[in-house]
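Same chain, two partners: chain A is paired with chain B first, then with chain C.
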Partner chain A sequence: MSVNDNEPYVTADGRKIGGVLMEMKNITLRFGGVKAITDISFDIREGEIRAIIGPNGAGKSSMLNVISGFYIPQEGEVWYKGAPRPQMKPYEVAQQGIARTFQNIALFEGMTVLDNVMTGRLNHMKTGLLAQAIWKGKAQAEEVENREVAEKIIDFLEIQHIRKTPVARLPYGLKKRVELARALAAQPSLLLLDEPMAGMNVEEKEDMSRFILDVNDEFGTTIALIEHDMGVVMDLSDRVVVMDYGKKIGDGTPDEVRNNQNVIDAYLGVAHD
Partner chain B sequence: MAQPSETAGGLESIPALLLRNAKQFGDKAAYREKEFGIWQSWTWAETEKEIEALALGLINLGVNEGDFIAIIGRNRPHFYWSMVAAQSVGAIPVPLYQDSAAEEMAYVLEHCGARFAIVEDQEQVDKVIEIQERLHQFEHMIYIDPRGLRKYDHHALHEFSHVQDQGRAARDEWIEDLKARRAKLTYESQCVMLYTSGTTGKPKGVVLSNRNIIVSAKNSAEFDHLGPGDEVLAYLPMAWVGDFIFSIGQAYWTGFCVNCPESADTMMTDLREIGPTYYFAPPRVFETQLTNVMIRMEDAGKFKKRMFDRAMAHAKKVGPNILDGKPVGFMDRLKYKFYDLMIYGPLKNTLGLSRVRVGYTAGEAIGPEIFDFYRSLGINLKQLYGQTEASVFITVQPDGEVRADTVGVPAPEVEIRINDEGRIYYRSPGTFVEYYKNPESTADTKDAEGWVDTGDAGFFEEGTGHLRIIDRAKDVGKMADGSMFAPKYVENKLKFYPDILEAVLFGAGKEYCVAFINIDLTAVGNWAERNNIGYASYQELAGHPKVLDNIQSHVEAVNRSVADDPMLSGCQIHRFVILHKELDADDGEMTRTRKVRRAFVADKFNDIVEALYNGSDKVSTETEVTYEDGRKGAIKATLEIRDAKVVPVTTHKVAAE
Partner chain C sequence: MSAAFLNTLEVMANGLMAGVLYALVALGFVLIYKASGIFNYAQGVMALFAAMTLVGAMEGRVPFSHLINAVFGTEVHHFGWHLPALLGIALTIAVMVFFAWVVQRVIFKHLVGQEPIILFMATIGLAYFMEGFGETMWGSDIKTLDVGLPQGGSFAIEDFTATWAAEGERYYGMYIDNLDMVATVVAILLVSALVLFSQYTKQGRAMRAVADDHQAALSVGINLNFIWVLVWSLAGFVALVAGIMWGSKSGVQFSLSLIALKALPVLMLGGFTSIPGAIVGGLIIGVGEKLFEFAIGPYVGGATENWFAYVLALIFLVFRPQGLFGEKIIERV
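Right, the complex of A and B next:
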């Protein structure tokens, strides 16, 4: 069993990994004269936890923004579900089943946790604005349906006690969890996490890791995440892409990456030529 | 029901009561639990079906009559069903504290030789797996929440709903067996085994029979006129006898509804949503609620604060009298009505106590000021005195005779005797059968005539016939000059202050008393914030000179109040220290029901006690702490010792006995 073949396989802990869900083909991204990403290719397979790591300024967040459709690369193609993806607006990307969280939390601070999570259901609501305002019949039934999904996620992430609390009053660690809840509410097929553990203490990191693993396990959600904390990444992910100065310097299982000389150099700071 | 019976019309077991309720109150709610943001409910008829399916499933798994089944989890309908299902198949449920460390669980599981355990989730499953090696009889584990458990080896691990499904599928095969097992249950069958936390030594398994539970439940329900329309919120540990009596004994006897909160953190919100009519809480819960109210009033605007203070002053004056039906002037009544509309009513609503008809506090003595606060609002809060060995009830306060300093009159059918030394003994239909596998302790506690030693010292008040508890008999001592030393009395006075979470008094056989104090982080933290005092840790806040000043003023106020009581005036605190860590059950300093293990604390911190007596003004110490996951660490601290002013007392009147 090799992780790098394109055949579906079952991991040691019993999760099914399917075929390729998303493929980045020779992506190059420039901002004016600055090359943020240079000719990077890798794939994300159904059901796996895929990490993108690298030192500061390696281009990780840019990469995530390319995946999420926020940046449009000058060169290369993004293939999603077996077809090249045309240029699209962020909301169109969301409709395709991609959800994300942000490095600097981007919640609606004045709204309650529940309302924030409900916004994640937006793409699943079909009734019009007027019908929702009148809130009768179909609109009401739809609200109930979506609330059920939101409540399951609130239960899953154990945030029942803050359901009705305005987000602004929550501590940082909980806000991160609420953001994850909102992304999950969209029931995405691909979940992008931008530094889900930044600024957390050890206990919060442990909790968040647990939730990420459980999400992947229970819902079968494919997860792509960016993370600084090497220890966390190595424990969580099935495969890791390592970037440095906008280039891919390693790709493979955590063990392969850990023993990769380029990666060691990048992290220990050998002079670049 | 063809079963013969002498008293309760064939209702000699909890499963028999269940069948009656399913018939009599079929479509009335028996259980509610908030899940996914909505209160899910089960009627008595549905409950009966759920329990039957589980009982059949248990037989299918091979549960034998006389087996012990451990129950580990927070209050959920599923666990109450599990207990009754266990009883239905002739097994004995053994509820455990779910926050116990694996080590503590190992002792109990090994002692009772449980073959089965019904647990809540992955956390509990992991704990039991960790200790399984040492448990020879242990066979199967059933869990409720499948999350994270899919990949576990399922040879001896079963999901709750699957066990029920298998039970339903095998109904034809086992139903006669189940009926036969149920029919065998009598008043003398074991109903439950509860492990007492014990402030000393290893926990003991208290065996309670159906008679113990059902008669106690019946008597107490009649005493307080509980009926099928009542509602309770079940949030206290399931391993505690009180929860068993209220949420199973009384609930099955009267047919009232048991509501389970969504999670431990949402308890206050759930309390408000349910608005129980019958409420039970240990003093700590009332203290915390009161502390929260006071903190929030401190933060409120000037107008609101003044309004609140005035209303509370009036409530203090006439509230308890109105509740007791004593004569109160017309103007005072009118004023009380007005404030009820403006302040008390909304406050009670916020506390979730609007509908409470009967409220009880027990487990520890409650500070009179806290007690009076709730009663003055018109909440019929009463005290009872009891213990696991008595199936809770020893004494209770009848309506209209409620006071903070007594625990009431003997409960129905309970006899009480007090010996020459002031030790309290009782005998009742609720008196426990035995300590499991521990005949020596059983003999030490219960004599041949059925009298049980409570281990508490107290006396009946002349005139009213109410019992007053002084302290644990072994804690009550004499000081060097012969005056009485009753630590709890003074500690309770200290604990009324919102800033003080816990206090431990020392002084037996000494010249004077000294005290350890734990600050309440919520209250003191809030105070620090308002006064611009920065702190980085509990330890730093606890050692802040201004915090020490505040605590010192409380200690001195308590000294003045203690000096008023001629019997106990020797117990004034001469020197005290604020501890650098909170006393914690994980470190063995408290029991799981949060009672201080006095001897253990004295031993663990003996360097500090010594410093309190040798006159030094500082002490450096290092303390081992245990984290929630069982790892150990150490904290070092230098603590400042303060002297407190005491009121000189000229004559020591020693109690006549």
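Right, the complex of A and C next:
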């Protein structure tokens, strides 16, 4: 069975993959005269792990920034949950259930790990400012509820021991995990990970890979991730988009992509004759 | 108790309450600095503007009356009504919130990501603009502000403490200003409310997040513009409270905007990023300068209150540049 049909199916390891959650249609992004992305289309399906890979400067991060609203493409449409998405600010995209992490980690350094994870819950807090002041009970119940979700995620990612530690004191690998925890706390429909394994050693990479798989398996979260380390991605993802110089040069299962001549050329280089 | 001891006690009590008034102004600085990294030079002028607006609203003055009269040849000055204090305060709060929105929309929205010095320069411009705008709107005469706060010394305290002195000594009791006591209570309430707000509400948490990292704040769905308007509104509210207290004490006039300068040493002591720091810094300076004037002043010709705070701040700058409670400045080499 080909995975490019839009029919729900079950993977070999028993995970359910649903219909299309997000579709990028002919996206072109320019910075002045430089084309970062040229006419790229692909989709992300519910419940899958979708990777975007490519050599340095291929336009992967630009693509992620388009999805999360940090960049506005000059051409093309972003379809989300079956409808075209109007132009949005990044915080509005986040409110629509799209959470992300950053390549260079953007955490609230002065806050504790728990506080950081709790900021991920901000959009789930409905009580208004006045109600919080006057009707303390309701706000408190809500706080407890959100705290439970946050603690569950902290447990899940095995960072209980640093709950009360200010983030600035943590080593790099743990910061990456805290950032993942904060994104997860929003219980997103789509989780975007920008080079989740950049700058990690082998052991940390294995840990992170396990967490990504567990998150997808346990919460059924749809994940789109960017990596330039091909080895890691092939083991993790259900489908892979390959970009080079802002163009899409391959799209399919890891096996299909691995045997794609364009992809091999892009990664290994090709003799010009 | 000896009269000398009681005198010292009296000086300290008055110093504490003067410190509370300094802290009120410093608080406005800390709020904006924490949430946006902007050192708001206009905080003092905001207090003046808020106090002027309150007087204008309560007395039913026509805003821009001089301008209107000059252009149209009319003679309008008053609407002819007098508003009760609470209504006037509510109206002034509305004006300050609107002002916060305009400042964000017109100035700081366009300066996102600029160097701190640029933002600081922008607030200097804002300060001078507001000063002129405020005087065009309400006139530059010295106004008396009376929102019904008690004036003068407290007889109860004077009579009560008069009995404390030792037998046979001449002592007439402590002079404690009623207004200072009210200001202290108000400041304590205000600070508690602000701390509760920033620690326990959704908007407070969002405010701390924005202060820490803009990009990360966006990614968890925080509307930066909204938070900044909120912060400027809060600073406007604090400015109003400071304006009411100082205005009731010494009249609403230009020199009110200079209290901002008194807040600077307070901030250096307490740290620019700490709300409790602003309070403790204010108290130390208030008590320090009063005691210094009381004990050393007579030997150096007095008027030490004019410079004591700045010298203390200088000493702090040398030994503890981040202040008592400020975040430690760590830089990787």
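The rule we apply is simple: the second predicted complex is superposed on the first by the 263 of 273 C-alpha atoms of A that agree within 3 Å, B and C clash if a C-alpha of one lies under 4 Å from a C-alpha of the other, contacts with A are read in each partner's own complex, and residues count from 1 in each chain.
Going forward, a residue touches a chain if its C-beta (ideal position, glycine included) is under 8 Å from a C-beta of that chain, and two chains touch if they have at least 3 such contacts.
Every value quoted in this text rests on a predicted model; they were computed, and no experiment measured them.
S.K.: Is A:Arg100 contacted by the first partner chain B, the second partner chain C, both or neither?
M.R.: In the superposition, A:Arg100 contacts chain C only.
S.K.: First (chain B), second (chain C), both or neither: which does A:Val10 touch?
M.R.: Neither partner.
S.K.: Now for A:Ile264: first (chain B), second (chain C), both, or neither, which partner does it touch?
M.R.: neither
S.K.: Is A:Asp155 in contact with chain B, with chain C, with both, or with neither (first, second, both, neither)?
M.R.: After superposition on chain A, A:Asp155 lies in contact with chain B alone.
S.K.: For chain A, which side has the bigger count of touched residues, chain B or chain C?
M.R.: The larger set of chain A residues in touch belongs to C.
S.K.: For chain A, which residues lie in the overlap of the chain B contacts and the chain C contacts?
M.R.: Of chain A, no residue contacts chain B in one complex and chain C in the other.
S.K.: Tell me, which parts of chain A touch chain B in their complex?
M.R.: Result: residues 13-14, 114, 147-148, 151-152, 154-156, 158, 160-161, 163-164, 214, 217-218 of chain A touch chain B.
S.K.: In the complex, go through chain C and note every residue touching chain A.
M.R.: 200-203, 205-206, 208-209, 211-213, 215-224, 327
S.K.: Which residues, counting only chain B, touch chain A once they are in their complex?
M.R.: Contacts found on chain B: 35-38, 147-148, 150-151, 262-263, 265-266, 269.
S.K.: In the complex, go through chain A and note every residue touching chain C.
M.R.: Residues 68, 70, 89-92, 94-95, 99-100, 102, 106-111, 115, 118-120, 122-123, 125, 127, 129, 132-133, 139, 143, 182-183, 186 of chain A touch chain C in their complex.
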